[in-house]
Amino acid sequence: MSGSSFGNIFKITTWGESHGPGIGVVVDGCPAGLALNEMDIQSFLDRRKPGSSHFTTQRKETDSVEILSGTFEGKTTGTPISMFVRNTAQKSSDYSEIASYYRPGHADYTFDQKYGFRDYRGGGRSSGRETIGRVAAGAIASKLLTELGIIISAYTQAIGTIEIPNPERPLNEINIEEARSNPTGMPDKETSLKAEAYLKECMKKLDSAGGVIACRVANLPAGIGEPVFEKLDANLAKAILSIGAVKAFEIGDGIKVATVNGSSNNDSFRKNGSSVTKATNHAGGVLGGISDGSELILRAYFKPTPSIFREQETVNRDGEEITIQIKGRHDPIIVPRAVVVVESMTAITILDMLLQNMTARVDKIKNFYKK
Amino acid sequence: MSGSSFGNIFKITTWGESHGPGIGVVVDGCPAGLALNEMDIQSFLDRRKPGSSHFTTQRKETDSVEILSGTFEGKTTGTPISMFVRNTAQKSSDYSEIASYYRPGHADYTFDQKYGFRDYRGGGRSSGRETIGRVAAGAIASKLLTELGIIISAYTQAIGTIEIPNPERPLNEINIEEARSNPTGMPDKETSLKAEAYLKECMKKLDSAGGVIACRVANLPAGIGEPVFEKLDANLAKAILSIGAVKAFEIGDGIKVATVNGSSNNDSFRKNGSSVTKATNHAGGVLGGISDGSELILRAYFKPTPSIFREQETVNRDGEEITIQIKGRHDPIIVPRAVVVVESMTAITILDMLLQNMTARVDKIKNFYKK
Amino acid sequence: MSGSSFGNIFKITTWGESHGPGIGVVVDGCPAGLALNEMDIQSFLDRRKPGSSHFTTQRKETDSVEILSGTFEGKTTGTPISMFVRNTAQKSSDYSEIASYYRPGHADYTFDQKYGFRDYRGGGRSSGRETIGRVAAGAIASKLLTELGIIISAYTQAIGTIEIPNPERPLNEINIEEARSNPTGMPDKETSLKAEAYLKECMKKLDSAGGVIACRVANLPAGIGEPVFEKLDANLAKAILSIGAVKAFEIGDGIKVATVNGSSNNDSFRKNGSSVTKATNHAGGVLGGISDGSELILRAYFKPTPSIFREQETVNRDGEEITIQIKGRHDPIIVPRAVVVVESMTAITILDMLLQNMTARVDKIKNFYKK
Amino acid sequence: MSGSSFGNIFKITTWGESHGPGIGVVVDGCPAGLALNEMDIQSFLDRRKPGSSHFTTQRKETDSVEILSGTFEGKTTGTPISMFVRNTAQKSSDYSEIASYYRPGHADYTFDQKYGFRDYRGGGRSSGRETIGRVAAGAIASKLLTELGIIISAYTQAIGTIEIPNPERPLNEINIEEARSNPTGMPDKETSLKAEAYLKECMKKLDSAGGVIACRVANLPAGIGEPVFEKLDANLAKAILSIGAVKAFEIGDGIKVATVNGSSNNDSFRKNGSSVTKATNHAGGVLGGISDGSELILRAYFKPTPSIFREQETVNRDGEEITIQIKGRHDPIIVPRAVVVVESMTAITILDMLLQNMTARVDKIKNFYKK
């Protein structure tokens, strides 16, 4: 069944395999009148580019985006925006061996079971390159959200057991520029250096590491999210879990809420001039699946890169148990390059639900259509 | 925007407020020929019934279900199955006070912000009674899955900091009957008694507690889940987060994967007679968003009941800061009654994706339609 | 697969068989703040009620609607509106015979082929009573559209070969009150009497008749409809063809456009004060699938009631050719009672697309969310 | 709102403007294992190519398709198939004038009203070139249907008032090869010549013509179509009305049913060996929205090309009434090139609903998943 679309009003459809002609996305339902050019997209894509540090593959991927439709005279027209990134750096020969066996932690076996065979070149559709389409679409969603004053910031909170200090600190104490310049995606230089040392150790041991990405949304108005199945946090959970390698999702205090009492977990409401705020934000900005006007906070937990250079045991397509040693170029960690993917999926979800909310009230509809 | 439907092929639409005439669900897309009567549904609903212990509200809710359509001569016909539970035990007077202020941890404020006003009687649409529709639909999904040999078992893993020993133990070492008879939903008598003592303590302190529900799916065939946005785990995450009070979701090892290395997290494939299995199951039964034939394991983290009897600070609809004390009957914990809700949402998701998978291969389609 | 829902933002889900406990609909996504009570719905349902003339079945169907959710203190709350009409006048014994054979022109055979068996009592889900849910939902859509100044008027244009004179006349020359009081649904007394005479003749011959329903929408703003698959007229076509017995759909001049030239079919634009109008309206109010601000005009062509009292040849479930004579109470024509169904489906579609249009432009979104 | 996708399980998303970089489509949900290469697509696209006769524009459009994803080693993989046709022959200068005014019969005015501005080059998204994506997707759907033995044949039934003789004749008396070689798309040489003469006359008068396309589906199994809103004919109506310039849709006898009696319109069932057939096929292969195993017949009515070379009156963007004379290259009729578009939309709809039907019965699901 079709499964490559996400969103309802602002809907994206991604396509492409890592070793086919290219990767792309169609963004349908983008409102008309948004100033948009290829640089807006490219700056997002460059944030997931490999080759920028020791911890990302040294492949030269230019990942240049071409906008094929949906803009005219520098603005979106309301029609589908098709974006295309040609694959240029792939060598299928690198991957010929993996055709015959199932790599542990990868989707080789499950694709074979589902479809009867698979495009085995570099993971095919389950390759990390699939996220290019998400990021290109996320760049558009982010740009529109920024025009509405809504700012989304993702960064690395932890790599392995190395976590930034005081991860719950206010957003204005998170140095996002620092996060974007550090090879780890962490907003603290010192912690980042520790994490880099840990990753070098992992590489030396022919092993890989996991980590945690936090994403925070500032200035989201209250009222966003549709009861009861299209809750804001439910859609964010789906958005984040749809990213390969994510194994857990938290909103607000997340798993911690299970061990505390209601008296400490409840956020008291407070008066703030003429508006209402909360004294604390254990909820992470969502009550009953609807945004409450506080900062929205979510976390994504990534498993270690499954491609490791150690010997591993597995089974080949003939059902024989074998020992393999994966070759090629593989990041020892997924997290740093996934920061912009988490940010993009969050932006796409938030924008879609912001648009969904516009039809919630008769008085506002009347006002919209009054002459 | 419409947000009360879940699922694609097997689609449920729930409706109803806690203090309106009743609660219901329409199950559309249920295949024809399933033996079904009201007892099948009632046995599921009875598992979420209040009044069965000290830790659930003492309201007398019979919650008797009536099937209004979609069956004929004891079997489903393929047409929508409408199910209806009349509200009988609600007294609106209990709730008149909460009309004027925003209860901390509840959706009062966000509904007001979204819709301009709200049905304030007992939480309206955001009441826990909304889950009646989910459970009625889940009973049908579970029955059909059982006929396909697929068994879904949810139980309480932890209440507050009290956790069952060795929560990762094999499913056959989990005593599901015990879980269903204990007031906590825990599969171990001893741990359950500890948790009961803890809950009594909470009640004495006019406070509430959170907890963790685990859900495991046995005999799920490999190949279920649709890349890349309709991944099996992504849809399960949405299903679980759409349940009120859930703040985190894990598949397999969940958050733990962030701190381990690839060499320990990867599950090796093994030969098992003519089929393929995994030596371990850190992945929780899903690789690349597609089931791998292993047991599927997920966890849902619930916050403490937000309605507590202690004094709390909040704001009223006029924007004044006030101190409130919630009255009425409220469970000190949501978890025990939510076990069957988690099980139901899992069943609905699994069945829907099982049906979605039927069109994955040309050879199987040809076989289906051959004369 | 689920097929009982219609609409995207304003979404309806109907359920119920003619001889089960009842018929109903869930309206999800109705904006909050619309004044609504059961009388609003009942007045629409009464327009499709049988027993009001010689040409409709003499069954006593009260068809009393109960609103089960989604309103509070006389207004919609934004949550699903569940409506229920209990079946009261059905006698299954009337229909026991048809269990064994396939009535010509009915869906008996196709339901059996699809589902393996069928609820044979009175047509089950393919009964005309299924439209009760559509009409109940249409009443809500119409009420909201009326508040936006948009008026939908359906009436009978033709019965058999008897057509109202000058069917293309301006809407203000169509007497809608007359149409609603005449048993034929025609807006002209004289033509209606001719049609009544024709129908009596049909009944005498144990035969049935078809007809045409026109539906016109006044004051629809320009810009409604989503290129390229969610065109306004494409969705209306689906809405109308989803009504049982409809075999053709026209927008504007419809089939006539195939035989004329562009020079006569094109509608010239004209200045009208500060706005733009068209000199003619061959297009029927839609250009490129988007409303152009002119009156919207569509037509639905209904086949004769398939249940006729003459002897007919058919096949039974054992595959034997037999001669049957249908008994019971059946209208000699579907059209008069279907007028309000066409009006309802048009209203639901128009409202849904009006809501969809609210996210078309960045400037309007900014304006909506500005503080 | 997103409106560029069609289909549910087999879902297509088209994109592209006539004068942007290109036109394309993403086909998501195509089952794995279908042999497919670019020639399969190209042969369909060539059927809508201009320049093949006097009656189609003399622009040189090569319309070469590139498959960018979703196939591996000559077979579909189950992942999205992205297809791309670069625009090569467009000269924007041809269209610069139309930026300032609204062409009668075109979507210029409605796009401006909806989006605030438009891509005015050659109609932008409402150009006929948009159908390239539909036809590329239709080629895939047709190929898969052919493997299932289902054959779809569209042809021109009428141009202006010139109709093929005996249009209701059996499909085996329709010469489809003749239809594909005649410039009119008509299956009769003699009628085609008459129509050609008529079209030459139209061109001489600087005018344009409309026409009718018939589409017939052979070997469709009974049981396809989902009650009550996803009826087979309802979805076909939407598919056909979504094609620009279509103003009416008929299934089976279509508008004629309104004037006949039930006794002549009902199709008697007959025994045919061990299976059931119908003595006649007024229904056009659909009963209650579900295929009945007979041939499916539909008709699409096209308006004349709105771009004519005569002087026309209209209004410019400043609201002034002006007289215009359209230049450039425009077909005097849309119909011949639209035949393959009707065939494609029919194929896409039929395939999608054939896949939807696979989950209708518990017994068949059990059989599908049995080990």
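Think of it as A, B, C and D in the order they're written, each chain with its own count starting at 1.
The rule is short, and it goes like this: contacts are C-beta pairs under 8 Å (C-beta built on N, C-alpha and C of every residue); 3 or more make two chains touch, one makes a residue touch a chain.
Everything quoted here is computed from the prediction, not taken from an experiment.
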Which of A-B and B-D has more C-beta pairs touching across its chains: A-B
Whole-Å gap separating subunit A and subunit D, where each centre is the average of the chain's CA atoms: 38
Subunit B and subunit D, separation of their C-alpha mean positions in angstrom: 45
Centroid spacing, where centroids are CA-atom means, of subunit A and subunit B in whole angstrom: 26
Contacts with two or more other chains, residues of subunit B listed in rising order: 1-5, 8-10, 14, 29, 32-33, 78-79, 114-116, 125, 227, 355-356, 359-361, 363
Pairwise touch network: line, ring, star, complete, or other: complete
Of all residues in subunit B, those that touch subunit C in their complex: 1-5, 7-11, 13-17, 20-24, 26, 28-29, 32-33, 66-70, 72, 75, 77-82, 84, 114-119, 121, 124-125, 355
Residue ranges of subunit C in contact with subunit A within the complex: 8-10, 29, 31-34, 76, 78-79, 144, 147-148, 221, 227, 354-356, 358-366, 368-369
Footprint of subunit A on subunit B - complex, ascending: 1-6, 8-9, 14, 102, 104-107, 109-111, 113-116, 125-126, 130, 158, 160-161, 202, 205, 207-212, 222-231, 233-242, 244, 247-255, 257-263, 265-271, 274-276, 279, 283-284, 286-293, 301-308, 310, 312-315, 319-321, 356-357, 359-361, 363
